[in-house]
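Order of writing sets the chain letters: A, B, C and D. Residues in each chain are counted from 1.
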Amino acid sequence: MALAAKDIITEETPSAAPPGYSTLILQNRKIVFGGILFLLILGTALAGALMIDPKLRRSGSITRKLPPHAAAVLGTTSLGQSVAAQMTEAVPNSIQVGLIAALLGTVIGSLLGFVSGYFGGWVDAVLRVVIDVFLAVPVLLFLVLIAALVRGVTVQHMAIIIGLFAWSWPARAIRSQTLSLKTRPFVDVARISGMSGFDIITRELVPQMLPWLGANFVNAFIVAILAEAGLSILGLGPQREMTLGMMIYWSLSYGSILQNMWWWWLTPVVTLMLLFLALYLIHLGFDEVSNPRLRTQV
Amino acid sequence: MKTLKFSAMILVLTALVVIAGACAAPGTLPQVVQQTVVVPQTVIAQETVIVPQTVVAQATPVPVDQARAETLNIAIGGPIVPADAINPYVNWNRDMGMHNFCYEYFFYQNLQTGEYIPWLATGYEYNADSTALTVKLRDDVTWSDGQPFTADDVVFTYEMIQKDPSLNWGQQVVDNVASVEKVDDHTVTFNLKTSNPHFHLNREAFPAVGIWGGTTIVPKHIWEKEADPKTFTNSNPVCTGAYKLANSTEQSRTWERRDDWWGTKAFGVTPGPKTVNLRYLGPETNVALALVNNEIDTPMIGILGVGSFEEVARRNPKVIAWQKDLPFSWLDPCPRPLMVNNAHPPFDKAEARWALSYLIDRNAVADLAYEGATTPAWGVWPDYGGVKPYKDAIADLLQQYPTEAYDEAKGLQMFKDAGVDISTLDLKYVVNADSNEEVKVAQVIADQLGRAGIKVTITPLSGPAEQTAVLEGDYDIKLHSFCPGYIAENLDLFNSKYYKPLGEKVALFEANSFRYQNPELDKIVNEMLATPPDDNAKMIPLFQQAMAIWLKDLPVIPVVQAPALVPFNTTYWTGWPTADNPWNMPVSWWATFNTVIAGYPDKDGKWVGGIKPAQ
Amino acid sequence: MTPLLQARDVTKIFKGGLGDRAATVALKNFTLALDAEQPTIIAVVGESGSGKTTMGRMLLGLERPTTGEILYRGKNLLRLAREEAKQFRIEVQAIFQDPFGVYNSFYRVDHVLTVPIEKFGLAHNANESRAMIERALKAVGLKPEDTLGRYPNQLSGGQRQRIMIARALLLRPKVIIADEPVSMIDASLRESILKNLLQLKQEFGISIIYITHDLTTAYQISDSIIVLYRGEVVEQGGVELVNDPQHPYTKLLISSIPVPDPNRPWGEDEEWSQSAHAERTV
Amino acid sequence: MRAYVAYVGQRFLILLATIILAMTIVFLLPRLVPGDPMGAIMAKLSSVGAGRGNEALIRDYMERFGLNKPVWQQYIDYLVQLAQGNLGYSIANFPAKVSDLIFTALPWTVGLLLVTTVLSWLIGSVLGAVVGWRESKSVTIRAVVVLALVAYTTPYYILAILLLFAFAFLVPIFPLAGAYEVGTKPEFTFAFTVDVLRHAALPAMSIILVSLGWWFLSMRSLMISIKGEDYILWAEAKGLFPRRILWRYGFRNALLPQATGLALSLGYLVGGALVTEVIFGYPGIGWLIFSSIKGLDYPVIQGSVMLIIISVALVNFAMDLIYPFIDPRIRQAQTG
């Protein structure tokens, strides 16, 4: 940790109380704006779910291929479904995938990263091998395996599969962060205060890295939603449930772009983009909180 | 910077709105039917086609490019792997021109007209008890290297297969053929293992192509040099066909017309295209755009959906299909029933199968999943002219057992009567993940059953996993094609000789992974198989007896006819078979396609069809 | 009688990084025995890179010697049983150089005080723990109400360092290893911190190993002095050795002690500015 | 130096363990899927109505590929085969050799991705550095940031389809699909090279546009962060030209993390860009892996996935080796 000249310690008047993370987060315009956008997207979908008859999600429930108009605000599909009704299911489902996968990825990744970085030695060597293996084996292989073993992939399955593969990057990153963090003096103090390695990780290192973990979580969220969309477009998504990826899949498989049914393919795409934007802003915001230098500048 | 974020947002949003606006087009808004379950058939009539005005690129007149005008471009559905192996006995991708441009067959069956077209052979004759079939070969056929095509090649091919039944398509040869004898240079006799008046229709054991492909005769003087026919890549194939391989890579394969083709001398005919390209262009959109641009003359089946086809035809009126209007498609000979696992309760009861049948709205399946490209099916046979007398003969049976009927209330009542509590059901609906068609149909059927209160779990499986699940009977329902669509052959799919208990693999998806057994039906079917297929006087009464049992049991649930939506581009080539001029089958991926390209002699020797350059 | 803490022929070698031909010998054949029966202050003096910090860290068990062993009550640190290890942690405590880095900025300063109480089970309940903390803070001259519940950056460097002394005191250790405890403290406060250290010995009977580069402060408070130069002990003895240095290095150290001059502030901390510079050029 | 050798040795052991473990997983996983590679072939035959009675065929192929042996025996055979540098035959595409399949696909993938990755990295980094350095007040700079955000948030497959629609159809500048003109064979001539570049333009554009946004945004925030560092302030105080400070001090220091990202993405290069390849009908390795996994073509899965594993592991290894030279802090943490 570089100490700049201005840090020379003098008996100056104690500075005002530093803002805690919660204040920092609430004061960060990016986080607030991203959060509002995110909630707006989710809220619209949830409100829509209350207002739109879920029957309209089914095929053959409404005239096919209609552009947006009063009775179907986002138009209808070639299968005779209301796009708006599908969105009310797709948005929460996609967010669910992101949430579960990011949670799994961050938790597993942190666990392995911290342990590997803090303890070093052979534990580190073993974990590094495991991490590198998971970085290298294509997710597709596991997905096909799981699709063959379970009866019909659901949104939750997708989320778990993606999550089980979302930890290797965080693990790597957290490992190197831990390597640098563990040389800090407060870790020595913790050690001579009788803290075990596990204590030090959970009570000293984790709090230090909270904003950073938050940024990573949001990033994993974005990656998971993107992965879900990618897998769905390859036809490996949940068949009986709607996600943004499945909506794109169906619209592509019925040639909606060619037929100019823009309301069908553009709706999930734009929503996906807005969702990314919201999450990316939150991610940037967390980055600023964890890296104060960014705070004033961006 | 804070304002930057906001202006960023606003810019993004406006950009998107602009894109959306550009795509949007004013159109008359049709009436919307809300909430209530709609019979889509009635709604479709009111639907207006929405014409986007902005981004239409009308096909501009193409400057005449001589090389292009002499080329036929076919879009294929995937890359050509391996690019260099042209061996029909190991390679599974014969339809990349191997069997339609290179190799030729004794006879071609024109399912559309019911003709049995002699090609490498001139005729066939069974002996009295149908245990031997003698075929007369043409004496003017030569291989592409100039060697004559003779009975020796036929005998060699069959002996090669008998020696190694593990060659692709070999098993049926071994099962049916005892030996092949050369009578003279141009006459061979097939000695059969049993009496079988249907043998000349068995394309898996005899070089007579109906659907897709058939047993391929290979040149003895080339293949006898190969110790193991399985590792022979045959990358420079010697064939009898009108085209020779010019180039083959993963993304395309080029065939060039031979000037020394035997048929040119024998028939006095030269096929139109000088060059045939099979091209892999990626997914549907690319192929559609290529059709509009006139880069492609015809795509193979399954690439273009109806919606895309309509759009293509609107932008390029030179692109046509079998029919001018919906359903556009030609009927494929293999209808698509829903296989119901007869060994899984509650579908071990005929009442439950019938109840399920009433819950399926076939018109909606045809309209939604197939976008109107097909029609409901009453059984497992295509609605060809040859099938009509059979269908007419069971008209009253179909009255009694309405296989096309959709009646949700009745279906639910029947379940109740059979003592089935549908709320406890969770049907495992296995779907071939690689089949766009199956994935789409599953969606619609699951929605229909869901509406009736039956839970359906769609399980998309890829190749091997699907194969295992279906053959071992690990499914409740599954859509599948029933081939070859002949009367007796398709009834034979229900024969208990194919039956295996759950967990053991059956021979074929459609024979009979649904685990149906009925000895009475077996007896009738066996009798039909022993009757010459064109002996309608004997066959029709047998069919009536069989269907009385079949309809009562309903081992599988008929859903729709199989559509073959094959667009043809008439910019460079005309004379394609269509409903108005139904002289042949419009299928480019079958071995019969060479009779579309070159045409064929009818039974009076008159030359029929063949595609012609447009200019 | 087994000494409380003993370094026996300890050598520490840091492996060379890339491009470095030779490995760095941080400490060579270092031997020290501390009998805690009589409280004493031993100053370990040396310039930066002399190995004094490494020595301290090894005595604390934060670093392993390359050869030789560190003994706690006659037992190798690496082979202590669970209970013995806990006892060692209580009896051998430390004060570090950087009074900011020792605090986890996530927590209020209370954290460094409550953790050892919790971990070593020193109090039975919250009240008892609170009382212990207040007592320790008062002992080092801090008002609990001014310090507790604050974040580290709300306190001055001196306050922070005193809290660390209070933290060490809390455990009633036998030995405190104080690694440059005043080098980052404003000059005007050094005196009072040093007084705190002396107080530890005199009032609480705690021995101190006082690591410093500053011979003046060593002379002020310690009973004996060890001079380290490039990892080796060059001079060792009672505090009087300052008056009669033998080794040229010690002489150099003494000659560089600034003349007391009220108009001239204490020079910039040499070691610190070096390390800060080193980091910048990295 | 000896320490470095020991360090390298340790990393090398990790590399070996990674590869062996990954290869074992790649061997075992597909074998856990119910069904076998012959199932894919039978499915293909059955789809053309010729799947009846292929027992002899199945038996023969099972034997030919050793699939009837116990799994451990297959594993040993696989290792022995690998040791001989033999990847065997593809099952689904018999009689094609796995090595041939990989080596016809690999150049296309690597060519496309290498160029696009490096190009987007370069452009993104330089743009990001300049934009991150300046005060973000000007309209142009704001527009650039917005565009980068849009590019980064667009799903790349959608972008690909839109590009195709615009530049291969509406304004047909580029070909619709494929890697080279129909009827030609890969060769090293000028005409063919131009043809390849024309075909690669759209897929390349779709990849560059999206990843450019990413490199741009990450470089920009790195620069902003570095701007606050003391050595920059010091350089400014010394009165150096701002441009010189930007490139000599700012850019150079931001380059390390940025280069790390580049190295990692290069490791994944051989995995191909599956969706891009599918959309543009590009004959790359992504497609090969995808179809082999779906068809359970064991030898092809083993061969092609092994390639990814080895290249990713090698990049990690190389980074471990180089890193201590670049960043002394890591040197201490890792060797100390």
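Basically, a contact is a pair of C-beta atoms (placed from the backbone, for glycine too) under 8 Å apart; a residue touches a chain by one contact, two chains touch by 3 or more.
Not measured: the values here are computed from a predicted model.
Q: Using the touch definition up top, find the fewest steps from subunit B to subunit C.
A: 2
Q: Name the most central chain, where centre means the mean of Cα atoms.
A: D
Q: Could you state the distance in Å from the CA-based centre of subunit A to that of subunit D?
A: Result: the chain centres lie 22 Å from each other.
Q: Would you kindly tell me how far, in whole Å, the mean C-alpha position of subunit B lies from that of subunit A?
A: Once rounded, the distance between the two centres reads 44 Å.
Q: If you average the CA atoms of subunit B and of subunit D, how far apart do the two points sit, in angstrom?
A: 38
Q: Check each residue of subunit D and list the ones that touch at least two other chains.
A: 33-35, 149-150, 153, 161, 165, 230, 278, 294, 329
Q: Could you check subunit B for residues that touch two or more other chains and list them?
A: Answer for subunit B, listing residues that touch two or more other chains: 1, 12, 55, 283, 285, 289, 433-434, 462, 465.
Q: If you look at subunit A, which of its residues touch at least two other chains?
A: Each of 2, 144, 148, 252, 257, 273, 277, 297-298 in subunit A touches at least two other chains.
Q: Across the complex, what residues on subunit A touch subunit C?
A: Residues in contact with subunit C: 1-3, 5, 7-12, 14-18, 184-186, 188-195, 199, 203-204, 207-208, 210.
Q: Quick one: in the complex, what on subunit D touches subunit A?
A: 10, 13-14, 17-18, 21-22, 25-26, 29-30, 32-35, 149-150, 152-155, 157-158, 161-162, 165, 221, 224-225, 227-230, 271, 274-275, 278, 289-290, 293-294, 301, 305, 308-309, 312-313, 316, 329-330, 333-334
Q: If you look only at subunit A, which of its residues touch subunit B in the complex?
A: Contact set of subunit A toward subunit B: 29-30, 33, 37, 53, 55-56, 58-67, 69, 71-72, 76, 78-80, 144, 147-148, 151-153, 235-236, 239-240, 252-260, 262, 266, 270, 273-274, 277, 281, 297-298.
Q: Using the touch definition up top, name the residues of subunit A that touch subunit D in the complex.
A: Against subunit D, subunit A makes touches at 2, 4, 125, 128-130, 132-133, 135-138, 140-142, 144-145, 148-149, 179-180, 183, 226, 229-230, 233-234, 248, 252, 257, 265, 269, 272-273, 276-277, 280, 284, 287, 291, 293-294, 296-298.
Q: Where on subunit D is subunit B touching in the complex?
A: Subunit D reaches subunit B through residues 33-61, 64, 90, 92-96, 100-101, 104-105, 136, 142-143, 145-146, 149-150, 153, 161, 164-165, 168-170, 172, 176-180, 182-186, 278-283, 287-288, 291, 294-296.
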